[in-house]
Amino acid sequence: MLKGFLDRYLERFSWVSFFLRLFQIAAIIIIVVGVYNTLTTAKYTNAQWVTLVFAGLAQGSIYALIALGYTLVYGILLMINFAHGEVYMAGAFTAVFLANYQAESGFLARSPWLAILSWLALAVVVSTVIAILLERIAYRPLRNAPRLVPLITAIGASFVLQYTFRGFYGTVFRSYPTVPALQGTVNVFGAQVPLVQLVVLIAAIILMVILYFFVDRTKRGKAMRSVSEDHDVSRLMGINIDRIIVTTFALGGALAGAAGIFNGLFRPQGVFFFMGFFPGLKAFTAAVLGGIGNVRGAFIGGLLLGVIESLFPNLILEGLGIPAVNQLRDAFGFTMLVLILIFRPQGIFGERLAEKKA
Amino acid sequence: MEEKPRPTWQIILRSGILGGGIAAYLCLVGLVEAFSERFLIGSFLTLGEVMLVTGILIAGLLTARELKDNKILATGSSLLSGVVSSLPLILLIFITMLFVLRPEILGATYNLRDMFVNLSPELVEILTLGQGLDNLALGILLLILLSALMSLLGAAFVLLPRRWSLGLISGIAWVLVIGIFSDTVSQIVRQVAGQGMIRVIFVNEALTPQAAVIIFAIAFVTGFFSVHTRIQTRWEGIPQTQQSRTRMILLLAAFGFLLVLPWVVGLFLSQALFTVGLFVMMCLGLNIVVGYAGLLDLGYVAFFAFGAYTMGILTTTGSLGRGGLNFWMAIPFCILVGVVWGLILGFPVLRLRGDYLAIVTLGFGEIIRILALSDWLAPFEGGAQGVLHIPYPNFLGIIFDSPQYMYYVVIAGGLIAAFVTIRLRESRLGRQWMAMREDEDVAEAMGINLVQTKLLAFAIGASFGALAGGVWAARLGNIFPHSFNLLISINALAVIIIGGMGSIPGVIIGALVLVGMPELLREFTEYRYLMYGILLIIMMLVRPEGLLPEATRRRELHTGEDENFEPVSQQPVGSDR
Amino acid sequence: MAPILRSENVTKRFGGLIAVSNFDVEVEEHSISAVIGPNGAGKTTFFNCITGFYVPEEGEIYFGGRTIQGLSPDLITKSGIARTYQNIRLFANMTAIENILVGQHPRLKSSWISSIFKTRGQQEEEALALEEANRLLRYVGLTGLGDQLAHNLPYGAQRRLEIARALASQPVLLLLDEPTAGMNPQESAEMMVFIRTLRDDLGITILLIEHDMRVVMGISEQISVMDFGEKIAEGNPKEIQGNPRVIEAYLGRGAAAGLELETRSNGN
C-alpha cells in the first residue's frame, strides 16, 4: 500500500517544480534575512526611507508610462514591441535640443510652464511618428507570421532606431536644462522630497487617468478593447483593424514621448542614443509585473518596480553585507523580471499568458 | 496587392519621394559623408556617392517595375521620378544653407548643425557635386541631372532584356565589391603577384579606371552569358559517382586552402579571419539553441563570458590566478563551466514561452555583465579592472602570439563544433529538437521529454559559446567585463538569422558577411549595428528563412521511385499556435 | 475481460466552466470505441486528460491497470497511448519520414553521445528506424512522399501521415481526434475502412472522437455520447441511435420530440 503510494508519487515527481520551489524558498530566505539585518542595524532613518520611496515613485512613473505602450500593443497584437524603448528615446533625444535652445535664449526662465509644454509637444509628436512608422514599415507586413518573426524584426528595428539617432544627433551625451521653477523640496512625512519628483508623479497619474477614460469611454477606445478580444469578430462588426492598431501604437508612442520629458525633468543627464534601452526593458518588466495586456496593471507595475528598484538594493543587499549596492541596481530590475516570469507569469492583475498552456 | 492600377503620376511621385527619402536619410545619418573619402575608382567615384545614389536607383527601379508593360512610358516615368527623388536632397541643401552655413539670410538664431551633426559644408559639397554654395544653381542642376540618370540606370535593371541586366548587375557589383575591399584585395595581390601588379590595379586604395573597366567587362560577360547556370547544368550532367568524387576533391582543396590562408593574406587579415572563425564557432552553438531547438536566446554572451573568465582565471599569471593551468588544460574547464551554466540558466526558463524566453535570457545576459562589473565579485574576477596577463597558448614550444597561429585553434574548434552539430542534427536528439521547435505540445505527446531536450540544447549550445570565449581570452591576453555586452548576443543572433537558421553553411556565410566585412571596412564600424538592424528587418520581411536555409535531406529508401507526383498545393498544417 | 482504458468520474474545470464532468468510460481491449457529441461537448478536453496534457481535478484514469492521470504527456505516450489531432498538428517543416522518425522516439534508445561518435549500435538502430518509418509510410499509402515537407502534403495525406506518426510509437491504444474532419463522405468512408483495417492488422485498441454521428455508427462497437461535459448515453450503435437524449442533444428538444412522435407513429 505504502509502496504503491510512493511509486505513484515518484512517477509524478518533477525535478523542475522541485528546483523552482527550492529556488523560491531560497529567494524568500535571502530577502527576509537581508531586510532583517538592514532594519536591525538601523542604518537609515525613516526620512531617508521616505526619500527613497519618492525617488522610486518618480522613476516608477517613467517606467509606468513606457509600460503602457508595451501593454497596449501586447493586448492587441500579442507581440512584444521590443523597439518601444527606442520610441521613448526618440522623443527625449529630439526635445533636448529645443530645451537647450530655450534655456539659452532665456525663454525657459521667462515662461517655464510654456517651455515644458512645448518640449512635451515636440517629444510626443516625434515619438508618435516613430511609433507609427515602426508599425507601418516593420510590423504590419508580418502580422500573421510566426511569433518569433516579429520579435526578431523588433530587435532589428530597435538597433536601426538607436543608430539612426546616433547618426542624426551624434554620440555626445546631452542633458536637459534645470528648470528653476521645479527646484526646491516639499516636506512629506518629515522627509524633504524634491518638488520635481512630485510633479512628475502627478503628471503621470493625470496622463494615466486620461488614457483610462479614452480606453474605457470613447468609441475608439471601445473598438480597441474589442479588437484585443478578437480580430475577426471586430472586423465583422465594421471596425477598421488597421486603424485601431495604428491608434494603439500612436497612444503608446505619445505616452513614451511624455515619459522622455518627465525623465529629463528629474534626471536631466544622460540623454543619448542608447538611453531608451534599459528603461525599455524595465518598463517591459513593469508591464509583466502588472500583468501584460492590462492597462491598470502596467501603471501600478511601473510604480511598484520603481519603488522596488529604489528601496530593495539598500533594504536587502546591504543587509547581506554586499558592498556598493548601487552598482547592482540594474541587475535587481532584471532579477525581478526573471522571478516574476518564473513564479507568477500572469503578473498582479493579468491572466496567465507567459506559459504555453494558456 | 491592390486591384486598381495606380495612376502613373502617383507611381512617379511615390517612388521618387521614397527613393529621395532614402537618399536624404543616408545623408542625415552620416553614411554619405563618412564614406566620401573612400575612393572606389581613381579619384572619381567614392563610396559615399554610391550610397547617395542607391536611394535614387531604387526610385527608378520601383517606377519601372510597376510600369514595365509599357517600356517607353516606364523610361520616361523613371526619368521623372529621378527628378522627384532629387527634391528631398535639394531641400537638404537649402536647409543646410539657411540654418548652418549662411544663417544671416533668414536671420536664423539656431545653428541646426548642433542638432543634426551631419548638416556640414562637406555634405553640401557632395550634394552639389563639388560646386558648393558659390555655384549653387549649377550644383543643383547637376544633382537633378545625376538623379535622373541614376533613376534611368535603376530602371534599366528592370527594362533591359534579362541577359543585359544580369550582365550590368554583375558588372557593377564586382567593381563595387573589389573597390570596397581594395585594401584586402591588394594585400592578397601583393602576396601572390607582387608589387608591380598592384600599381596596375590600384591607386591610393582605389581601383584604377582601366582596372575598373576591365573588371566590369569580365563580370559583364560572365553575367551576360550566365556562366553560373552553365556550370551548374554541366555539373548536374556528370554521373553521381564522379560528382561525389569531384566534391571530395573540392572539399580537400578548400581545406588545404583554409590551412594556408593566414600566410597568404598577412597579419591584419588573419586577425579578421580569426574573428570570423571565432564567431562561426560561437554561432554554431547558438544555432543549436535557436536554429534547432527554437529557443530564442538573447543572452548568449553570458556563456562567452563564462568561457573567457574561466580561461582568464585559470591561466593568468596575474594576481587573480587560480590553478595556474596552461591554455590546453584550461579548455576542458571552459567547456565544463559553459555546460554547467547552460544548465543553471536554462533551468528557470524551461517553462517559458518563446518571446518571454527571449526577454528573460536577455535579462540573464545583463545580470551576468553587471555582476562581473561589480565590486562585490571583484576579489574573484577583477571587477571593472578585468583579468589581465592571460598567457598565449604554447604548443610544442611555439608561442601562439599572432593571429596567424590562433587562427588554427579557431579552425580546429570550428571544425569540431561543425562536426558535432552535423552528427547531432542527423540523430535522434536532433529530431527531438526540431520537433520541439515545430510544436512543443505535440513533441511532448510523441514521448519527448521536454526538460531533458531543452537542457541538452542549452548545455551543448553553451559549451560552444564558452569554448569560443576561452579562445578569445587567450588571444586577447586581457579581458574586461565591458566587452561582454548585449551587442555580442545580437551579433551572433544576426549571423544565424541572416545566414539561415539551422544551416551550417549559412552560419559561415553569415559570419563572413556580418563579422568579416566590418573588420575590413574601417569606416564601417560606426554603422555596423545600423546595418545589422536593417538587414534583420529586411530579412524577416523578404526572406525569413535566411540566405542559405537548411536544406531538407532526402532520406526515404527509394523503393517506390516510379511514382511521379507533383509538388502539392499549400495546405496549412494545424493551427498557428 | 478487463477494459484497457477506464476513466472514473473524470472532471476538468476551466475557471467556472466545467468542460468534463464526472465522465466514466470503459474501453475494451482490441475494440473500436467512440466518444461522440456535439461541438464543444468536451470530447477533446477528455482526450487531453487521457494524454496528460491536462490534469483532471477529480477522478482517475486507469490504463492497463494503473492510474495515469497526473503523469506528464511523454510518460503516458511511453506507456502505450498515441494520438492524432483534430486540426492536424504535424511538424510542418520536417519531412514526412522525419515526422514518423520522431514518432518512434519512445522506442529508440541510442544516446546523443553515441550519435556523435556514430557507434555501431546507434547506426543499426537508426537504419532499423528508417526502415520501419518507410514501412509505415507504405502502410498508410504515402510511398514516394517521404522526402516532402509535411506542410507540402495534401490534406488527406497529412491525416494519414499523422496516423503513421502515431503508429510509429507502437501504441497499445490509439486515440483519433475526429479522423474524418474536413473530408467528403467518400473520403470519410475510406477512412473508416482504414481504421478498421488498422485494428485488425495491428491488434490495437482504438478510441475515436467524432462530431458526426453517422460516420462512427458503422465501425464502432461501443459508443459514449457526451454533451456539456457529461455522459448522456452509452451502448452499442443500435442503442445509441434510438436514444431520445442523444437525439435531443444533437437536434434540440423540439426536434427530438417531433422525431420521437414520428418513430412512435411509424412503429404503430
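Labels for the chains are A, B and C, by order of writing; each one numbers its residues from 1.
Simple rule for what comes next: a contact is a pair of C-beta atoms (placed from the backbone, for glycine too) under 8 Å apart; a residue touches a chain by one contact, two chains touch by 3 or more.
All values derive from a computational prediction rather than experimental measurement.
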The larger set of C-beta contacts, choosing between B-C and A-C, lies at B-C
Which chain has the mean of its C-alpha atoms lying nearest to the mean of all protein C-alpha atoms shown?
B
Using CA atom averages as chain centres, what separation in Å is found between subunit A and subunit B?
32
As a quick test, compute the distance in whole Å between the mean CA positions of subunit B and subunit C.
48
For subunit B, jot down the residues that touch at least 2 other chains.
441
Sequence positions of subunit C contacting 2 or more other chains
53, 72
Can you list the residues of subunit A that touch 2 or more other chains?
none
So in the complex, which bits of subunit B are touching subunit C?
419-420, 423-424, 426-429, 431-432, 434-435, 438-439, 441-450, 456, 552-557, 559-561, 563, 565, 567-575
For the complex, which residues does subunit A have touching subunit C?
8, 11-12, 14, 357
So, in the complex, the side of subunit B touching subunit A is made of residues 25, 28-31, 109-110, 114-118, 294, 296, 298, 347-356, 358-360, 362-364, 366-367, 370-371, 373-376, 440-441, 451, 490, 493, 497, 527, 529-530, 532-537, 539-541, 544, 576
How about subunit C: which of its residues touch subunit B in the complex?
51, 53, 72-74, 77-78, 83, 85, 87-98, 101-103, 105-106, 108, 110, 112, 115-118, 122, 126, 130-131, 134, 137-138, 143-155, 157-158, 165, 169
Name, in rising order, each residue of subunit C that touches subunit A in their complex.
53, 67, 70-72, 75
